[in-house]
Structure formats: C-alpha cells, structure tokens
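The same chain A turns up in both complexes below, where it pairs with chain B and then with chain C.
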Partner chain A sequence: MVADIIVDVTGETCPVPLVEMRKAVMKADKGKVIVIRGTHGASREEIPMAVDSLGLKLLKTEETDGVWQIFIER
Partner chain B sequence: MQERIYMDNSATTRTDPAVVEAMIPYFTDQYAVASSQFSHTPGIQAREALDQARAIIAGTMHADPESVVFTSGGTESNNLALKGTAWAFRGKKDHLIVSKTVHNSVLHSAQWLEKQGFRVTYADVDDQGFVDPDDIAGLLTDQTFLVSVQHANHETGTLQDIGAISDRCRKKEVLFHVDACRTLTMIELDLGTIPADLVSVSSHLVHGPKGVGALYIRPDTKIQKWQHGGYHEFDRRAGTENVAGAVGFGKAVELTKPEHTEAVRDMQKDLLDGLMSGIEGTVLNGAADLSRRHPGNVNVSFNRIEGESVVLHLDMKGISVITGSACFSRSLEPSYVMMAMGFTHERAHGSIRFTLSRFNRPDEIDRVVESSREVVEALRRISPLK
Partner chain C sequence: MKMTIVVHSGDLDKVMSALIIGNGALSMGGSVTLYFTFWGLQRLVRGRLSKAPLSRMHFLGLGTFLMKRRMKRNRVASPERLMEDFKALGGKIIACEMTMELMGLSREQMETKWIDEYGAVGLYVRETEKADKTVFI
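The block that comes next holds the complex of A and B.
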C-alpha cells in the first residue's frame, strides 16, 4: 500500500497526533492515502475513533517495536 | 456532515445579519469620519450615526451618552480602565485590587502596572469563583484607587455581586471597574442603582462586529488619556472613529430583547440537566445556582478524561466548544481561572465550556448531549486514568 502523505508524530502525546492527523486530512484530496506514524498508545486508539467520526476509511493498522502506523483513505 | 452547532459564544458570537446590513452604508456611501463634522455634510452625518450608536449603548446601561467612549474592543477598554486610572493617581495612590479570575486583559494590565511601581492585590475567589465583597472591603487601604472585577467570568459564567462590591468601594471612595463584556444585553446593568465608575463592554460578544467596544466612564472620574494623537471621544481616546463598527455595535444592542435571555437560560438548564444526568462522572464548574451564573454558560469536567480530546472529537461531530486545558498552546499550566478556584489539575484539564447565544436552538441540545455522551464513553474506554 503506497502512502501519499506520511504524518510522523513519534514521541508526541495527546492531542498532537490527532491534531496533526486532522490537518493532513483537511489538506488531502479525496482518495489519497494518509499514514499516521506514532508511539502514543492512547492516540492509536483515538485516531480510529476520529476516522469514524469524519466518515473516512480505515485501511489498516500495524505495529512494530512500539511504533504504530495507521493507514487512512481520505 | 450534519449542520455545525456553535457553542463557543463566550469567545465570540455570530454577527447578526441585520447588523451587517446596518453597517454596509458606512463602508460604501457614508464613509466620512465623524471628526469632519465641522467641515462637511457627510462628516455631520457620520457624527450623528456615531452619537446615535453611543446613545443606544449608554441607554442600555442607563448612562449618560457622553460617558461612553468607543474603543477597539473589551481588551482596550480594560487596559484604559486600569492604566488610565493608575496614571491619573500616580504619585497620590498606588494600590489596586483585581480578582484572581479576571480576564487576561485586566490581569496582564495589573501585572504590567506592578512593574511600573504600583502595588496589586489579587483577591481570592471561592470554589465556585465568587469574590466575597467583605474580603474586598478588608483589602481596601487609604492607598487603594481601584477595584476591578468581572461581572460574568468568561470561563465559568460565575456572576459577581457587583452591587455589594460597589457599595464597599463607594464607602471608601475607591473607583470600581466592572468588566461587563459578557453580560451586556444578557443581564441588566443599571448604573443608576449600581454605581460602577468604569464599565467595559464589547461588540462582538453581543452579535455585533469585532474591533469595537466601549468604556463607560462616570463623569468626574480621574482617568488619564492613554492613546494620543487627536481629540476624539471627548479627548479620552485618540484615533479615527470606527463609525461602521459603532453603528453595528449600536444595532446589535438595539436588536436585543429580554426574551432572548430567557430562551438562552432555558437552553442552559436543558443542556446542564442533560449532561449531568446523562453522563456519569460529570461535575459542574462555577456557580451552582443558575441565577448567579451567566445564562449562556455551562462549564463541566468529565472525570478521567482530558478536555482537549473531548473538544477535538466533538469538533469532528460538528460541535464547536472549548476546553480549560492548555495543552493546545503547549503550556503545561491549565486554566488560571480553574486553578484560582482551587481545582486539581485533572479537573481543570478536563473542563469543557459550552456557551450559548440566541442563535442556538433548543433542538441542538439533545444532539450535543448525545454526542458528548458518545465521546466521553469512548475516551474513557481508552483512558489510562481510572
């Protein structure tokens, strides 16, 4: 899966990952794939909630060595 | 996406379309400045429009129109009230009192005056945000020239007993300043019965345009002009008059009806009841007695979650509110208002402010309560705080 936009928020805590994810979503064109990469556990749970609220498509979530990546389609 | 619900009316309000309409001629046709009144007809018309707006604003406070000075907004009015009186008393008296929960435009002006050699006492509030008028009386000295309080607090909506504080000040011949930016038109302020010496008001909080406000200055009040460069506004505030803004401000005040306050108060009660009964672990911040609270203010904390997440998730559901948490500004300090009330960091960070206006509708309340419940429950499931 090819990412059109990568938002790297590793090391950041709430609410920064959610804020940065929203900024990326607002700028992205419809159909673009946005990847949010972070380490904060609560944000990993919170971002899919936001995806649902905003009517976006959650493609997949993966995690390696404490770094998670959430793939979203605008 | 559903229609957006705006409940951040303590930050700013929607400009009434009738206000915009009233202002337009002062940009397009009647654009002369009021100080040209001695030179030409358009200047005379501008002066008349300005003074008509002034009379409307003065009238709503039962004040003499010539005691109302237009400013650029509430912040400038508060700056002028504090710095103008301080400079007028310089060398004679050096002490002023402000409550700990006043707006930053008062608080920061007081802090600046301290750097200039004035002494400031920051009066305590109780856990609902009330200033005790007897505490104020006990703080007055023969060096005190000014007491400044906020009629309704911008975060909690707590209403101060300005009548009682005014009495205490008058007995000691101390000037009394009220920041009434959030209560103008919502709660009657009769300067005949509550003899405040200085009152700050703002247009954009009453459905008028941004960039205009006013300071009521009781006749014979000692105050030093603060902005120089002309003789405008009875030689109290230099600068080309914002005629269009003043006309809009006047129109906004003129459009206000007592039933607007009642309608907002009804929505406040329904919103508060819905949140308190529908969401376990919700606590009210500010005055518990709604008759001692701004009619449009509901400020609550949801236990075990932080305010900024609630705000972001409500925004994504099309609802605009704000939090007392300062995380957005990257400051570690939560709301100084909440901390002055003796709250824990957790409660202050969790506070959410819903503020209503006459442009909100009763049918919006159910959606806000239901969305808040969904967001709070979802956030609590992932919250590390138990």
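The block that comes next holds the complex of A and C.
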C-alpha cells in the first residue's frame, strides 16, 4: 500500500500523535492515503477511534518491533 | 460534537489538562471553546503560559521544576505546543472580561493572538447552549 502522506510521531506521546493525524487530514485531499507511524501504545488505540469519529476509512494497522503504522484514507 | 471548557484554575497541570482534552476533542472532529476566568486568566498573560505552579507538590517551585523536567524527558508536549496546536486545529478562546478587571489585567497584557473574544458569563452560556458537553477545570 502506497502512502501519499507520512506522519512520523515515533517517540511522541498523547495527544501529539492524535493532533498530528488531525492536522495531516485537514491538509490532505479526499482519497489520499495517510500513514501515521508511532510508538505510543494509547495513541495506537485512539487514532482508530478518531478515524471513526471523523468518518474516515481505516485501511489497516500493522506493527513491527514496537513501531505501529496506521493507514487511513481521507 | 461541541465542547466548552471553563478554565478557572491557573495551575500548570490543570491548564494542561484543559488543553489536552481540547486538542483531543478537536482532533476527533469536535469544536471546542475554552473560557478562561479567574486564575486561568493568568495563563493568557503574555509570556506566562508555562510560568505556573502545580496544583499539588509545588514545594516552593522545586516540585514544579522537577515535574517540568520529567515532562520533557517523557516527551510530553509543552503548554506552548499544546496551545499552538489548539489554535491550529481551530479551537476558540474567550477571556472573561469581568475577572480581567477584577485581577487588574488589561488587554495590552494579554497574548492577544490566542484570544478570539472577550466577554462575560452571557457569552459562555451562549456557547454552552450549543455544546453537548461542558467541563469545569
């Protein structure tokens, strides 16, 4: 899956990953794929909640060595 | 979803809570208005956002110093960063004019770029009428 926009929030803690996701969504055009990459456990759970609240599409979530990536479609 | 938060306290930890909740709600598609009154107004004075005591364990400044250091180590966003994000996401700030007068604060002393409106309780009530949730901090 090819991402149009990559938001790297590794090492950042709540609420930064959530806020950066929102900023990226605000800037992106409809149909664009945004990937958020981070390490904070709670953010991994709350970003999909925000995606749902914002009415966006959660494409997939993957994790390797404590680094998760959440793919969303604007 | 619309949320209003009354920021009555000027304590560092409480103001940070207000900003974190506000940023969370904005990030999830809501609209948020922070109504600063009483001690909270001190945080809107130019250059004083972080110059605040903790609500507990301030210990004449030592506790607050240690907490700030811990926050930096844990990469917790600073109040300045939280405020910048709050405004970037479209958050609204109202400063209570009656308590500004009470505390001897003039508009010239305030960080005006953050403040969208000055008003009194009527303005807060109008905002809250349209809100689904209100929080008092």
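Note that in this section the second predicted complex is superposed on the first by the 74 of 74 C-alpha atoms of A that agree within 3 Å, B and C clash if a C-alpha of one lies under 4 Å from a C-alpha of the other, contacts with A are read in each partner's own complex, and residues count from 1 in each chain.
Everything that follows uses one rule, which is that a residue touches a chain if its C-beta (ideal position, glycine included) is under 8 Å from a C-beta of that chain, and two chains touch if they have at least 3 such contacts.
All figures in this text were calculated on a predicted structure; none of them were measured in a lab.
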Combined model on chain A where chain B meets chain C, clash or fit: clash
Contacts of A:Leu18 with chain B and chain C, given as first, second, both or neither: both
Chain B versus chain C as contact partner of A:Ile34, first or second or both or neither: neither
Residue contacts on chain A - larger count, chain B or chain C: C
First, second, both or neither for A:Ala42, with chain B first and chain C second: first
Contacts of A:Leu54 with chain B and chain C, given as first, second, both or neither: both
Single chain B stretch clashing with chain C - from 24-32, 42-50 or 348-356: 348-356
Touching both chain B and chain C, residues of chain A: 14-15, 18-19, 22, 46, 49-50, 53-55
Complex contact set, residues of chain C against chain A: 1, 20, 23-24, 26-30, 74-77, 81-82, 85, 88-89
Parts of chain B lying in touch with chain A, wherever the complex brings them together: 1, 306, 308-309, 312-313, 316-317, 327-328, 378-379, 381-384
Residue numbers on chain A that touch chain B, as the complex places them: 14-15, 18-19, 22, 41-42, 45-46, 49-50, 53-55
Chain C partner contacts - residues on chain A that touch it in the complex: 11-16, 18-19, 21-23, 26, 46, 49-50, 53-55
